[in-house]
Structures are given as structure tokens and as C-alpha cells.
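Letters A, B, C, D and E mark the chains in the order given here, with residues in each chain numbered from 1 onward.
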Amino acid sequence: MTVTAREGKASGPRPERIRIENLHKSFGEIEVLKGVSLTACEGDVVAVIGGSGSGKSTMLRCINFLETPTSGKIIIGGEEIRMRPDGSPADRRQIEHARQHLGMVFQSFNLWSHMTILQNLIEVPVHVLKVPKDQAVAIAERLLDRVGLLAKKDAYPAYLSGGQQQRAAIARALAIEPRAMLFDEPTSALDPELVGEVLSVIRDLAAEGRTMILVTHEMKFAREVSNHVMYLYNGLVEEQGPPEQVFGAPRSERLQKFLKSLG
Amino acid sequence: MTVTAREGKASGPRPERIRIENLHKSFGEIEVLKGVSLTACEGDVVAVIGGSGSGKSTMLRCINFLETPTSGKIIIGGEEIRMRPDGSPADRRQIEHARQHLGMVFQSFNLWSHMTILQNLIEVPVHVLKVPKDQAVAIAERLLDRVGLLAKKDAYPAYLSGGQQQRAAIARALAIEPRAMLFDEPTSALDPELVGEVLSVIRDLAAEGRTMILVTHEMKFAREVSNHVMYLYNGLVEEQGPPEQVFGAPRSERLQKFLKSLG
Amino acid sequence: MMPLAAMAASPFELLALSPPGWGGTLLLGLANTMVIAVGAYALGLAIGIMGAFGKLYGGPITRDLLAVYTTIVRAVPELVLILILFYAVPGLINEILIGLGHERIVLPPLITGIAVLGVVQGAYSTEVLRGAIQAVPHGQIEAARAMGMTPMLTARRITLPLMTSNAIPGLANLWLNATKDTALLAVIGFSELTKATYQAAATTKAFFTFYLAAMALYLAISLLSTVLFGRIEKWARRGQRVMSR
Amino acid sequence: MGAPRAEGHEQMTDFLKPHRIVMIAIAVALVLACIFLLNWSWLENPKYQTLILQGIWRTIWITIVTMVIGMLLAIPIGLAQAAGPWYLAVPARVFCTVIRGTPLLMQLWLLYYGLGSLFPSIPWIRESDLWPLLRQAWPYAVVALSLSVAGYEGEVMRGAFKGVPHGQLEAARAMGMPRFTALRRIWLPQAIHRVLPTIGGETVLQLKATPLVSTITVMEIYAVVGRIRQDTFIIYEPLLFLAAVYMCLTGLIVLLYRWFEGRMPKRVA
Amino acid sequence: KVGVAAEPYPPFTSPDASGNWVGWEVDFMNALCAKAEIECVLTPTAWDGIIPALTSGQIDMIMSSMSITDERKQTIDFTDKYYNTPAIVMAAKGSGITPTAEGLAGKIIGVQVSTIHENYVNKYFGPTAAEVKSYQTQDEANQDLAAGRIDAVMADSIALQAFLESDAGKACCENVGAVADDPTILGAGVGAGLRKGDPLLPKLNAAIAALREDGTYATITAKYFPFDIYGASN
């Protein structure tokens, strides 16, 4: 395990990529996030763990404004996203621009059902980022090959197995070559072999200096891949720190209980 | 861990619940299942493991005829499901009847989006099994409480977190009090704490004599919960046996490689 | 603005409810329109539901027959169908009856009209509903089947409610068409709203008065229906997430 | 209602199954009976032949032109209702309500005899280069029929836009797609996909709405046949001929939409 | 049962606000039926369905200002004519149009569809006119003439006279005279339609002649028109 490599990168000042400050989010009556803060710099891999319903997905979705935060600040690439009082982005351009450098893999994949896998991958590069089509196809095919889906490139998403859809969703996010990525349980439908593969993809990306925030339920995976772990409980950060500390010597009782289950 | 209990149950002749014989399934040109056989008796918990796209979901879906097998036999509760030459069930009544005793939890949950969680749970008991409504509600609420969702019973599925949806799907399958259950990655969206909870639910069900076939990517979970493990590779059973043997002393090279990844 | 509306009487006199005002005639026409429209729409919806399921899940013969039905009925102008069904078919029957030494029969125009328009509506409903059913996420239907629901029950409890939100706009269009297609029944001597309007206008030459009045009546029906269909759609969309912008 | 079949992999088996052959035989017999037992002599009249050809051509181009213009209008109207700010949504809604709520015949009539008869009394219009156009009937027909399509289809598109699953758009937004691109590439195609069967039906309806333009002197096929009927008092033959013409045109439309539909995935996840 | 077209054609047939049909043709029909000793029930029928209604037996006779033409005689039988009014041309005031081929050359002419007037215009003026526009009803043609979208209309003198006496008609248009007669097109007049081979035909012809004879015809006509509408007896 390449702990040293990651530790090495963790030291020294690196430019900040994603910062959220005191983020609150309510759905109607229910307050789902109650003040969450986080800073992720270039090359950082932040693992977000926590119980079901604790607000992990919501936090991730707030970062790129798929949910409008109730209050708090979001700073991407050093630039604060300007919000209206109701939390919606004040400048559509700004948020669109920010999103183009933020890959996202959804918990429910959300592949576009009217496009084949290949079309899903080249859609944003060709039509938003204006990459020439053949170049986009070449990149897409390389990515599909890497996640073992090249044979399925012309299939429609509804005809793929769960794991295949998840891999396609990861490849789609990678295809825009984002500076930072948000993963929502990227390995939930994958077998151990593929989890290992995703792990190595994420490590490569981190080594290239990309920033990643990933929500996961697989503690082993979180431990191996991240250099920072954040444990969310009921909309609040209960504990955070380097994985060695969080997994090895958890201080919070809740976290201890959380980690203990399933032996 | 209660290895003895399960081993104890494994001995002695128990009535057979689900048997598939030499199951083949093709989608157009692609043969996804190439002859799979399996027998599961009362109280058996069969874990199906295997790489993404190896045909696990397809096998599960063939068992209750959501996919029409290309060839092979399916025997449920000792009764062979009669098929037409094209694999579709010859007697709709028969397959409907069989399905009413086969709970299924889908990989993608498939909760009915126009019904609240509670309505999802009582739908089949009330309208198919003709359980009186208040009784069905009582059962459903007990189940929801058990999976920690009672507070969300009146929410629509689209407003739930991934893990909450998955738990609701499990509860929905349990609500029909099936004799046998098919789980397709029932813990993929769950945190370790909830995985532990699902584990205990499955153990209780097995102790009550129900049969379960579950597809999972979590080897630890498979090992703890099952008394029989089946490793599928590319549409064929590569190796199977009691979990101690499959996980502890795998013979097949592929399985060894599969289990080795991610440490 | 009204070159021909050389009105001897004011619009209010013309629209008075009792003769010599034509308001009563128009309202009677409106009532006739509603009776036919409701009947034809209900019949069409019943045909449409069966037709859509037949087209999607029926055997090859069912599907082919339904294809012939929807294609022919949708292809041929309603007026032609009505003329043929109302005159040619009874003509044939009568010829046979007379040949056998029976009396001529005369079909009741109301029932015949409703039946003919209903058959036409059914073809359109079939297509609207088919599209709506196809747009229902596959997994939710599978979930129903996996739990042993019969096809009838699945249709009633899962597919129909889920497709309703997709189908409502198309069905609303059909309903409005039904109210206006009743004008076709004028051919078989039915005095509904359009016909009554035309007669009033042509007799009095106050075209604008009557056409605007009729348009207002139609608009009133339509507004009421829109409110109603809006309610239904809102209900049908329960559970769907509303998009934040 | 039969048992639902597993969808998605039904192969296109031979077109000629036994029951199809029977159906075709019946159809052929019917057509032959019509051809030989009825009176078609009027078709040989060269005067009617040219009228018929002209009429068919008018019907076709009016249908196509108004359908295209109408759909182009319907998309923004549907979108404005589904997701627009109130100052766009409300006018769109009012437009749809009025168009759908009143008979096309009366709209056409008000446009041609109402608005159209105002123009000549305004001198500068009469003087302008537009006058020769405004004097004709077909521009009014095209405008009225296009607006009608826009009204009906605007409503259909609204439903379609709303029906596209939430996650599909979120994925587009999450990748920084500008709103218009997301609309053009994701939202619109999926919306169109859901309503193709409906729009196919509405196109046929539009085809059958074209007869109304005969009331403002545009002689399309329905008017031509009506004229033949009234000239000769032959009752059913011209009607059957008309039915056949519309059936052919509808057949073309159905084929066209089937081709569109065939290019889309059948199953939505 | 006697069918009249449900489209009003005043002053021959039109409904009043309480739905009773009135007009010259209605009065004439009542007189005719009385004379022929048959029982008549007036049944309004749409013009489009009036011939099928006759042939399928839902009505037995059509009295709806229906011109007798050779083409139509092949399908139904007609009684002798019971009225025939001259055809005139109406144009905008001061347009200088004359009811001749030269006078109408290069003009747009409006006619009601499927009338003898349409046939006449097509035969005599069509080749030199700019365009012949066919309207569903005469009212619409008149309105377009008033609006200036067409240059002239040709129609039955009675229908046009009514329009010329209205405010709108007075304001815009004038009668520019009758067209040259062509008995093969204009001459046959209006008759009642019957199913082919109906035995009633001779009885009705006799009754029409008798009504002319005994002055009933003149009495009815005087109620509606200041002149005789029977036309030349041929």
C-alpha cells in the first residue's frame, strides 16, 4: 500500500480546489446538513463516510449546486460561487464553468438513456468543451477499455448490468478530464476485482494532482484511497482526520460503533 | 459468529425450494448464462458472487421469469415451471403463484414512484394476497421500524437517500412474507452498520426456514451470511461449496485472483 | 370591422335566451355537444386502454388487428367515417331486412353518433396511452411482476397510475377534440354548438356576434377542463421530484 | 390483455405470417370489389384529374409546413410552461388554452374574414409589397394551422419535458452543460422520445384538419372531392377515393414516425 | 319526409331562433304536399349528408334550392323546376366591370362552390380571369368582395339582392348586370330531388303545375318577393 506516496503529497502547500464553509441545507422542515465545512487541495482524496441518510449525497450535490444550499459558502478553484439569498447561484455562467471542471458520479448513475455508452462519454467533451469528435471518441474508447467496457460501447444503458452502468458512469465523469471529482458511492455495484481497479484509477488521478471527494460505504476502500476521512453523523461532521487516525484510533463513540459493526 | 447453527441446519434432509437445471440465457447473440444449475433447500442461504457482467442478476431474474430462459429447467417448491419452446412460462397462473412466494430485492430498488413507502409495502399484501389492510399496515410498520425507516413511511421514494431506498426495497420484499427470497446486491448502498442489520435479518429469516439466494459483492458479508457460495464466471459456475471452503481454500485460479484483489 | 354584420339588433338582443334571441339555441347546442363529447370520450378511453395494452403485450394477431384499426380510423377523416357508418351500414342492413321482408330500421342518431366518435377517439387514445406506457420506467413494472401481480393487477395498480402523468396532456387534447368533433355530427342532423352557431349566424348575418359567443362558450368548457386535467395531472405526478432550477 | 412479454429482444420475424396472409387477402378482395362494383367513371374526367392532383399536393404541403412551423413554436411554448419563469409560462399557458379551447374553424374564420378583411382598409398595407400575399387565402391558412399545432403540441411538449427523469438532467448539469446545450442534447431528445407516438397521432390529426382551409377558398383534396360529389351527386365513390388518399398519406406519416421511433432505445431504465 | 339543408339560405329556408324552419321554400313545400296529398315532415339535414340520407331512405325528398343538372340526373331524379332566378354579377362600386369575358379579364372572381354559377364562370370567364375562387357559402364570397380581396362575384340575383340591400352591401358594391344566358348551364332551374324511379315523380310534377295554375304559387311568392321567381317557362 502506497501510504508514503500519499503522505508525501499531503505535505507542502498545494493550491486549494474545493472549500465549503458552514454549509446548511434543509428540505422543507428537515435540516439535513447542519453546518459542514471542508477543504480539499490539489491531489487530495477526501473520503466521506457515515450512516445512511446522514447527508453525504446531499453534501456532494450541494458542492456543484444540484441542491441549493440553505446557507454557507462554496469556493471552487479559489472562486466563491456567488449565491442569491435563496441559495441558487447568482451567475449561471460561473456555476456552469465550475461544473465543467467537476466530474460527478451519481449514486444512481444517471446515464442518459437515449444515448449509447460511447455517446454518453463523448457528449460533454464534444458539445460543451468543443473537443474534436474523433479525439473525444479516442479518449472515450481508452477510458472504456480501462474500465472493461469497450465491448459494450454501442449498447444503451438500460441493457447493461448494474456494475457496467456504474463503470460507464465513472468513465463518463473522467471523460471531461475534470480538475476535481465527486464520487457518490462509486463502487457500490462493483465486485472486489473492479473495486481494486477503481482504486488504482483514483490513485492515478490523485497522482496527476486531481482532487477527489468520495462518498463510500466501504471502509477498506476509504482507508486505502484517501488521505483525509470525514465522518458525517446526522448532518454534522462528527470526526475527521487522516485515515490512520480515523480508522485506527477513532475518538468519537459513534464512529467507534459505526466501524465496529460487521466485525 | 454462529457458524455451528448454520452448519447444523445444513445437515439432514430438508425440502427443496428452488432448483435450476442447466439454465441457458442469451440476449440476441450474446450468451450470458451457459448452463447454470443450483439447488436451494429450506433454510439455505446461497451467496452468488462473481465479476460484474458475469450473469448474476440475469440468473436471479430468470428464476422468477423476469427474463425468459433460453433453455433449462426451473423448479420452484418442487413444481417445475412449464415453459413454452421460447422459454416463456406456459401457464401464467403458475408463475404468478410461484412469484407470490418469491420475494425479490432489485439491484436498482424499483420502488413504485407514485406510492409512498408505506403504500409500496402494503400494495402486494393487500391487492394480491388479500391481507386485510390494517393488518398489512401493522406488518409494514413493524418492518419499516426494523430497517429504521418508520419516520419516512409517508415519503415518496424519490425523496429518499440511496440507502433508505434500498432498505425500503428490502422491507417491501419481506412484507409479502415469502418462502424464498432473491436479493440482488441488497447491501450495495448501505453503511457497515446497516449491513450488519441486514445480516441479522437474513439470519433470522433463515432460522425461520426461509430460503435465500443473494447476489453480493461483499465477500465478508457473503461469508458470514451464507451456507453455500457459488462463484459465477462468464455465465458458468466456476466453483461452489460451503463458504469456508470457497473463501478459505479456493481451488480455481480465477476465484483466487478474484478474492485476492483489494487485499 | 364587421363588414357584413349589418346588425338590425344589438348583440345582446341577438343573444337573448328566449326567442327571438338565439342564446337558448346556443345553450341547447352546448348541452348536446357535452352529451356527445362525454359519451364518445369515455368510450374512446375504454377502447384506448385495451388497445394500448393489446398493442404492447398482445399476441401477433391482436397487434396486427389493432394496427389496422388505429391506422384506418386515424387515417380516414371522421366525416367520411360518419357518413359511411351512419348511412351506408344501415343502408346495407335495411336492404337485407327488406329483402327478408322486414321493416326498415332507423338508427338513433345520438347513440350512433357517440359510437362513431368513440371508435375514432379510441384509435387516438390507443396511441397516446401506448406512448405513455412505454415511458414508464421498466423496473417498476418488473417489480410488480416479480411479486406475482397478475397482468391485470399490474396494469391497474402500477402501469396505469404511473403512465397517467405522461398521458394526461395527450388525453386532454383528445377531450378538447371530442368537444369540437361533435360538430361533425351535424351531418346526421344533430344540432350541436357549432351547427347552432352557424345557423344563427347565417340567418341573422351577425357572424361576429355569434362566432365570438360560441368561442367564448368553447373557451369556458376548455378552461374548466384545463383546471380539471391540471388537478388530475398534479395528482398523477405525486412522488415525482420537482426540478429546482 | 395478454401476458406481458419480456421486451427488448423480440426479433423481427418474417412479415408474412399466416394470419397476415389472410388479412391481406381480405383487404385485396375488398379493394377489388370496390373497384369493379362501383362507379368510377368520374375519375376519367380530365378536369377532375387535375383538380385532384392539385388538391393532394396542397394537402401535403400545408400539412408539412404547418406541422414544422407549429412544432418549432411548440417546443419553446412547452418549455416555457414546464420550466420557464412566470412571465413566459403564463402567456404560454394562455396561448395554449385559447388555441386548444376554441374550434380551429372559428380561429381560421376570424383570422381570414376578421383580421384579413381589416387589412384592405388600411391604405399603407394595401400599397405595400405584402398586399399581394395578404390578399391570398393560403397565408392565413398556414398561420392559423401552425398556431393550432403550436397550441396543441405546446401542451404535449410540456408534459414530455416534465416527464424526463430528474437524474438525467442532473447528470447534464453536474457536468457543466450550459442550459441550452442540456436542453438540446438531453432534455429535448428524451422529451421527444416520450411523445413520438403522440406527435405521430397529432400529425395525422393535422392532416385531417387541413380540410378546414377549404372554407377560406384553399382547394385541397377534401374540397375537391366535396366539389365532385356535389357536381355529380355520386355519394360513396368519391368518399372512398378520399379515404384511400388520406390512408396513403397517413401510411406515409406512420412509416416516417416508425422510422424515427426505431432509432431510439426501446427501454427506459 | 322531406329534407332541407340545415344550412340557412334565406329567404328560401332558414330557422328562426326557436328552431322552426321558415321561408319561401318551406311554404311552397307545404302547399305542394297538400296538393299532391302526401304527408310531409320537414327534416333538416346537413348538405353533405343530404344525398346519402335520400338514397338510404332516411328522407324521401329533397327540397333545398337544388339546381337541376345533367350530371346530377344520373344519380337522382328531379321534378320539374319550381323556381329559376337569373344570375348576375356584382362588383365594387365604380369598378367599371361588365358581366362579360372582356370585362372580367384579369380579375379575381368569387363563386359558391358546386353551383351552376361556378360552372358558368369556369366555362366563360375562367380562361381569361386572373383566378376563380370557390367559397363554401355565398356570404363568404360577398364578404371578401366587400373586403376587396376579390373583384367580382357571380351568383343568383335573389341572394345578391339581399346583400345589396344591407348596409354593408350598399356601402361597397353594385349590381353590374345579368350574364348572357346559357340554358344548358343556367336554364334548368331548381327542382326537388327524389330517389331514382320513385313513383311519386309524376304526382309531384302535376302538383307543381297545378300550383302554378291556381295562383297559390303567386300568393306564396308575393309574401317574399316583389317579382315572379319562376323564370321563363320552357
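We take it that contacts are C-beta pairs under 8 Å (C-beta built on N, C-alpha and C of every residue); 3 or more make two chains touch, one makes a residue touch a chain.
Only a predicted model underlies this, so the values are computations on that prediction, with no experimental measurement involved.
J.: To reach chain D from chain A by way of touching chains, what is the minimum number of steps?
T.: So the least number of steps between the two chains is 1.
J.: Select the chain at the greatest separation from chain A, using centres from the mean of Cα atoms.
T.: Here the answer is chain E, farthest from chain A.
J.: As a quick test, compute the distance in whole Å between the mean CA positions of chain B and chain E.
T.: One centre to the other, that is 82 Å.
J.: Take the average of all CA coordinates in chain A, do the same for chain C, and state the distance between these two points in whole angstrom.
T.: Averaging C-alpha atoms per chain gives centres 52 Å apart.
J.: With chain centres defined as C-alpha means, what is the inter-centre distance between chain D and chain E in Å?
T.: Result: the chain centres lie 37 Å from each other.
J.: With centres defined as the mean C-alpha position, give me the chain A-chain B separation in Å.
T.: For chain A versus chain B, the centre distance works out to 30 Å.
J.: At least two other chains touched by the same residue of chain B: list those residues.
T.: Answer for chain B, listing residues that touch two or more other chains: 27, 66, 92, 108, 158-159.
J.: Using the touch rule from the top of the page, what residues of chain E touch 2 or more other chains?
T.: Counting only residues that touch two or more other chains, chain E contributes 48, 52, 55, 143, 146-147.
J.: Among the residues of chain D, which ones contact at least 2 other chains?
T.: 3, 5, 8, 113, 117, 165-166, 193, 235-236, 267-269
J.: Flag every residue of chain E that touches chain D in the complex, lowest number first.
T.: 47-48, 51-52, 55, 69, 71-72, 74-76, 110, 113-114, 119, 133-136, 140, 143-144, 146-149
J.: Looking at the complex, which residues from chain B come into contact with chain C?
T.: It is residues 64, 66, 92, 96-104, 106, 108-116, 123-124, 127-128, 156-159, 173, 176 of chain B that touch chain C.
J.: Quick one: in the complex, what on chain D touches chain E?
T.: Per the touch definition, chain D meets chain E at residues 113, 116-117, 120-121, 126, 135, 137, 214-217, 219, 223, 226-227, 229-236.
J.: Under the touch definition given earlier, write down the residues of chain D that touch chain A in their complex.
T.: Listed in rising order, the residues are 8, 165, 167-168, 170-179, 181, 185-186, 189-190, 193, 264-265, 267-269.
J.: If you look only at chain E, which of its residues touch chain C in the complex?
T.: Where chain E meets chain C, its residues are 6-8, 10, 14-19, 43-46, 48-49, 52-53, 55-58, 137, 139, 142-143, 146-147, 166-169, 171-172.
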